[in-house]
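What follows is a group of structures, each given as structure tokens.
In the two complexes below, subunit A is the common chain; its partner is subunit B in one and subunit C in the other.
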Partner chain A sequence: MKQRLIALSVAASLGALPAAPALAQARVSDGVVRIGVLTDLSGTYSDLSGQGSVVATKMAVEDFIAADKPAFKIEVLSADHQNKGDIASNKAREWFEKDGVDMVTDLVTTSTALAVMKIAKEKNRIAIVNGAASTRITNEDCNDVSVHYTYDTYALANGTGRAVVKQGGKSWFFITADYAFGHSLEKDTSDVVKAAGGSVLGSVRHPFPGNDFSSFLLNAQSSGAQVIGLANAGNDTINSIKQAAEFGITPKQTLAGLLMFITDIHSLGLKTAQNMYLTEGFYWDLNEQTRAWSKRFFDRHKRMPTMVQAGQYSSTMHYLKAVKATGSDDTAVVMARMKKTPINDFFATKGQIRDDGRMVHDMYLLQVKKPAESKYPWDYYNVRATIPGNEAFQPLSASRCPLIRK
Partner chain B sequence: MARPADRSQRLRWVGFGLLLVAGIVAPFVAYPTFLMKLLCFALFACAFNLLLGFTGLLSFGHAAFFGGAGYVCGYVVKHWGVTPELGVLAGTAVAALLGFAFGALAIRRSGIYFAMITLALAQMVYFLALQLPFTGGEDGLQGVPRGHLFGLIDLSDNLAMYYFVFALFVAGFALILRTIHSPFGQVLKAIRENEPRTLSLGYDVDRYKLLAFVISAGLAGMAGATKTLVFQLASLTDVHWHTSGEVVLMTLLGGLGTAMGPVVGAGIIVTLQNELADKVGSWVSVIMGIIFIVCVLAFRRGIVGEIRALAKRLGIS
Partner chain C sequence: MEIFGVSLQGLAGQLLIGLINGSFYAVLSLGLAVIFGQLNIINFAHGALYMMGAFLAWIGLTHFGINYWAALLLVPLLIGLLGIVIERALLRWLYQLDHLYGLLLTFGLALIIEGLFRYYFGISGESYEAPEALRGGVDLGFMFLPLYRGWVVVASLVVCLATWFIIERTKLGAYLRAGTENPKLVQALGINVPLMITLTYGFGVALAGFAGVLAAPILQVNPLMGSNLIIVVFAVVVIGGMGSILGSIVTGLGLGLVEALTRVVYPEASAVVIFVIMVIVLLVRPAGLFGREN
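Presenting the complex of A and B:
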């Protein structure tokens, strides 16, 4: 008997055997798996993640409990990091040290994500990034306890850049936010556009944050480029799109948003945003499965999910299943299991977490509908192309992550 | 029988003694990282109070010293591998130098012009922090190691780090106390009350103001550098003008021109931010605004200022 138990626990600790439920209870530290949703509940990004991410996480936990009947308890905590790295770092520390949180997730804005990833590594807990965009998360700053799940700037720039050129948008002009993020977004996209056979006619840089985009837009207009790439984010993007419509730049020239979400389109309105190209990792109206889940989400949150919120559900579910399968909440064991198991749900098909932490899945090139084409609420996009995961994301061969041995 | 002045003096020292003991046992009662954050902001507010409360100069650019020192400290600790105490020293020195440059320009004007010059200069520092490659722009300077104090004591232990921060706070606070009770401090107060008269008494007012500015900037820098070590990152938040505004709020709420006021003010603001963030979300800013309005309307001397006035009326001190 004793021997069998030892054998079982050895097997479980290696993650080689799906452990018996009784054992699972014993192996999950204090019998509770705690998930901390650290997000922006009050600021610029509260629409695209925020409370919706908390709702999605809770849905995942409820669905998991209903379907899998785990032997351990699950608690969800949430907090507002106000998009400040120090507040995020403070909260994550407190969660890990005081509250026994096993996994921190959402993490919108790169500064908060990077700060929390460092602490997760130090405290040996898991960080699943859904909200933040920077490729630094899986390159220079990658580590073995973090997953970047939903999207990144490379995938967005690459998806939009390549696909728009393919659709005939050969000549580009960039309006770029003048700081590191904007510069890298512009560079990544230009490289892709040129590689796909397009040309870049020029670019202007606007101060961050900007309000008046008129002179930059006029520059873009007089360049005669077919496509104006917006290498900025948040309110800067919204303002530039609105002013482009006021100046009559659209619809003669097409805008390409390099970092946009369905909630941005929702607040802009189709009249202003029509014909724009963008790339997302999820659209609620893709197929039966996405619609079914999104309707449930809508009933609870009164808004359709963004890709971040959908990714939040999917990643939480994937994590919980890994905990159940290994019967452990030990970081290394769960991470190994999560990387080994492909992700197949409404969010991703054959999604796979690579060693650098990047979850690779299909992305979608979308074009915003004209007001007349939109038949029902939240009917915003025409899906122009599905970009296979291995084309959408940065290949491992180009990775700057120290964990990847070449 | 002791003279009233002696009695008040003695009361004060007893009070500080009690606070010192409270500071030493605090990490066993409350969460250390939170306390460290509180101490950093308390020192920042005290440094600011030296300028606003005791010299009567409203600087609206103190975030530049706080955040700027944070970046310098983070950079030298992370990339040059120096020990944390030298990192803090480097941050403080740079902030003091920056303070000298700011002060030399700003003290030529007074009132709203003074405030605007400091704000403009601080915005330049913000711009540099956004643009210079070493700061990491929006992402911030991440992953600053806490390192070993004097190369010996491992600061990744929260308790050790707490006592390091506490020692720095006590040193900074003692320096401010010494300053305001020195003849130099008396001259500063005289400038606050009536600048032309102080000038007519033969004091070189500009030099006094500049020195006060440099001390204040240096200590604000010390607070910022320490905060970088605690959280292991320096970010744009700390150089943003919001931070300059927050420190004004802390000082006014606690009590302008009192030694303990800024500490109390910082304590309240930081605690509110920490406790309310999860519960009320965006309402935090509204609640802060209401507190500020109530404070300036109902008790203009701030919390500590009101308590002191009450004590005086009751004849306790």
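Presenting the complex of A and C:
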């Protein structure tokens, strides 16, 4: 403890100076930085995160070693949390206690993220959440060792909800997955819709995972709402969209997918998904930088990256740079550095991690292209708007995070 | 006029959807019932084979240009052949043992098959379009019925009734039933019982493949589509009475309707209602609604 305190004070006093490599080696515990990618390797979310997230993390490590030539070694571990909180927390505990893991990342469902954040706090290690969506991560359950990096339900609701109301979709009906994430997405979107002058005519909650959505779609149809908001994810969303087309609901009523990833669009096909609005934190075809990185990712993974996988690379790189700059893998030191340093890479411009752990960066309002507009593989979106970070995410003034003193 | 706060028209629409889902339950549970009735095997691989049926239809269309109608015939044949291989190579060693061994073996098979498909195709799955002739729909006044859904009901009912007829009303069916009751005696009469059992298993899983092709245009074709459904289908079989052909058909359709009504009254409970009924049936009539008490 005493040693750590001394190390801390030295680190603090040297914080402003570029760290000497010799010192750095001395202060990274056992000379190795270990990153644990805890993700869904086999279940519903394994396409949007999963093996792709492991690949992105390894790319970040390789690129970092090539460019920065750190004095410490870096190891990447990975495991399947099967989207279950207890499995995730057991694995995280084992990694922290036995394997000396410094940072756990990805964490695809809210339950796994919250469970691991709690253990990280207890063991004083870092958790960087890229997969999970709930705003609880940076509100009620926030802590000072966790970062929520890629997106959250607030930003998605805000982007898609507001844009669709602006386009004239004033009346809404929700088809909601009946668990915490679905409820939170429905609530966040309803608030946005009402604030923008729209109205919510009703909602129906379906069991998770669902299979046949036709009866719920029939309810949505008879509500007469202009917009049907899909507050679900993964295969539930895909099947809802497919069956809405089958029952002639689209294009008479508009669908708004509130949590969709490019892998969902890929498997649905443009013919079924065309014209839908959605919000993402990243699209591979935004500019030269995003294309260059994404093509490298594609070469290794045979699929274009989702925002989660891109965020995985960016956050890992940001973490490693903070370790190098401070010459330490101490949680408080690295967290302070990560929060102080803005993020500028292919994923984010002027990204900033706030005190509640929220990484604030621009989000993109996207519309799915018509089949005829798509010129090459994975050419799926028209970018309709760039939503500046400070508008996309919940403002700190509305935060329910106990760390934020108002 | 309103019932449960839903207009009569809305209710009619929901019930029709229940019937459509019920016909899937019927075809799948029928296959399970045939297999259990003749082989005493609880075939947990049924969901995985249903998923394979859907994937084979998709692979056929995208890689070999085999259209839907051809797939509807070819895929059940292929799945049936695979079933025959599974029966000859694996299941036949287990007939002397407890049911549990068959269940564990087929469950393991299901995990392997699903794992392989997940590895090759990813989890988000693939889209399969309905055939040209069955796109669009008809306005029934109370709802818009996609033509394809109408076709699903007709095709499943025809297959179910034909199966029931063959097993309960023909000479071949009589041999099958006799073979289950007393295999030694039937064999002594010069009938090849092991061959009959092999073909029965092939036929049972071919029904799963058939249901898979039927489902492909409605549901996203993905590796877990079978495991989401199989538990419900097992509940249907238990309620109908293990091994009862008519029981599985009637119960499949009936439970589809019950599920639809639940979705009108309290949608959150629609995934649970079938299991609640299962518990009640097991308490009151342990052999199931149509089963014979031993």
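Quick notes
Throughout what follows, the second predicted complex is superposed on the first by the 393 of 406 C-alpha atoms of A that agree within 3 Å, B and C clash if a C-alpha of one lies under 4 Å from a C-alpha of the other, contacts with A are read in each partner's own complex, and residues count from 1 in each chain.
One rule holds for everything that comes next: a residue touches a chain if its C-beta (ideal position, glycine included) is under 8 Å from a C-beta of that chain, and two chains touch if they have at least 3 such contacts.
The structure presented is a predicted model; accordingly, all values stated were derived computationally and were not measured.
Contacts of A:Glu97 after superposition on the shared chain: subunit B is touched, whereas subunit C is not.
Once the two complexes are laid over each other on the shared chain, residue contacts for A:Glu122 go to subunit B alone; subunit C is not touched. Of the two partner chains placed by superposition, subunit B and subunit C are both touched by A:Ser42. When the shared chain is aligned, no partner comes close enough to touch A:Asp152: not subunit B, not subunit C. In the superposed model, A:Ile87 lies in contact with subunit B only, and not with subunit C. Contacts of A:Asp329 after superposition on the shared chain: neither subunit B nor subunit C is touched. By the document's definition of touching, neither partner reaches A:Asp188: not subunit B, not subunit C. Look at A:Ala180: by the touch rule set out above, it reaches subunit B but stays clear of subunit C. Once chain A of one complex is fitted onto chain A of the other, the partner contacts of A:Asp356 are absent, as it touches neither subunit B nor subunit C. Residues 42-43, 46, 178 of subunit A are contacted both by subunit B in one complex and by subunit C in the other.
Per the touch definition, subunit C reaches subunit A in the complex via residues 7, 10, 13-14, 17-18, 20-21, 115, 118, 122-127, 129-130, 137, 143-144, 146, 148-149, 218-220, 222, 224-225, 228-229, 260, 263-264, 267-268, 270-272.
Taken in their complex, subunit B has these residues touching subunit A: 31, 33-34, 37, 130-131, 133, 136-140, 142-143, 156, 158, 227, 231-233, 235-238, 273-274, 277-278, 281-282, 284-285.
Residues 41-43, 46, 78-80, 82, 84-87, 89-91, 93-94, 97-98, 109-111, 114-115, 118-119, 122, 134, 136, 141, 178-181, 208 of subunit A touch subunit B in their complex. Residue ranges of subunit A in contact with subunit C, taken from their complex: 42-48, 50, 178, 204-207, 209, 211-212, 214-216, 218-219, 222, 234-235, 238-239, 242-243, 246-248, 263-264, 266-269, 271-272, 303.
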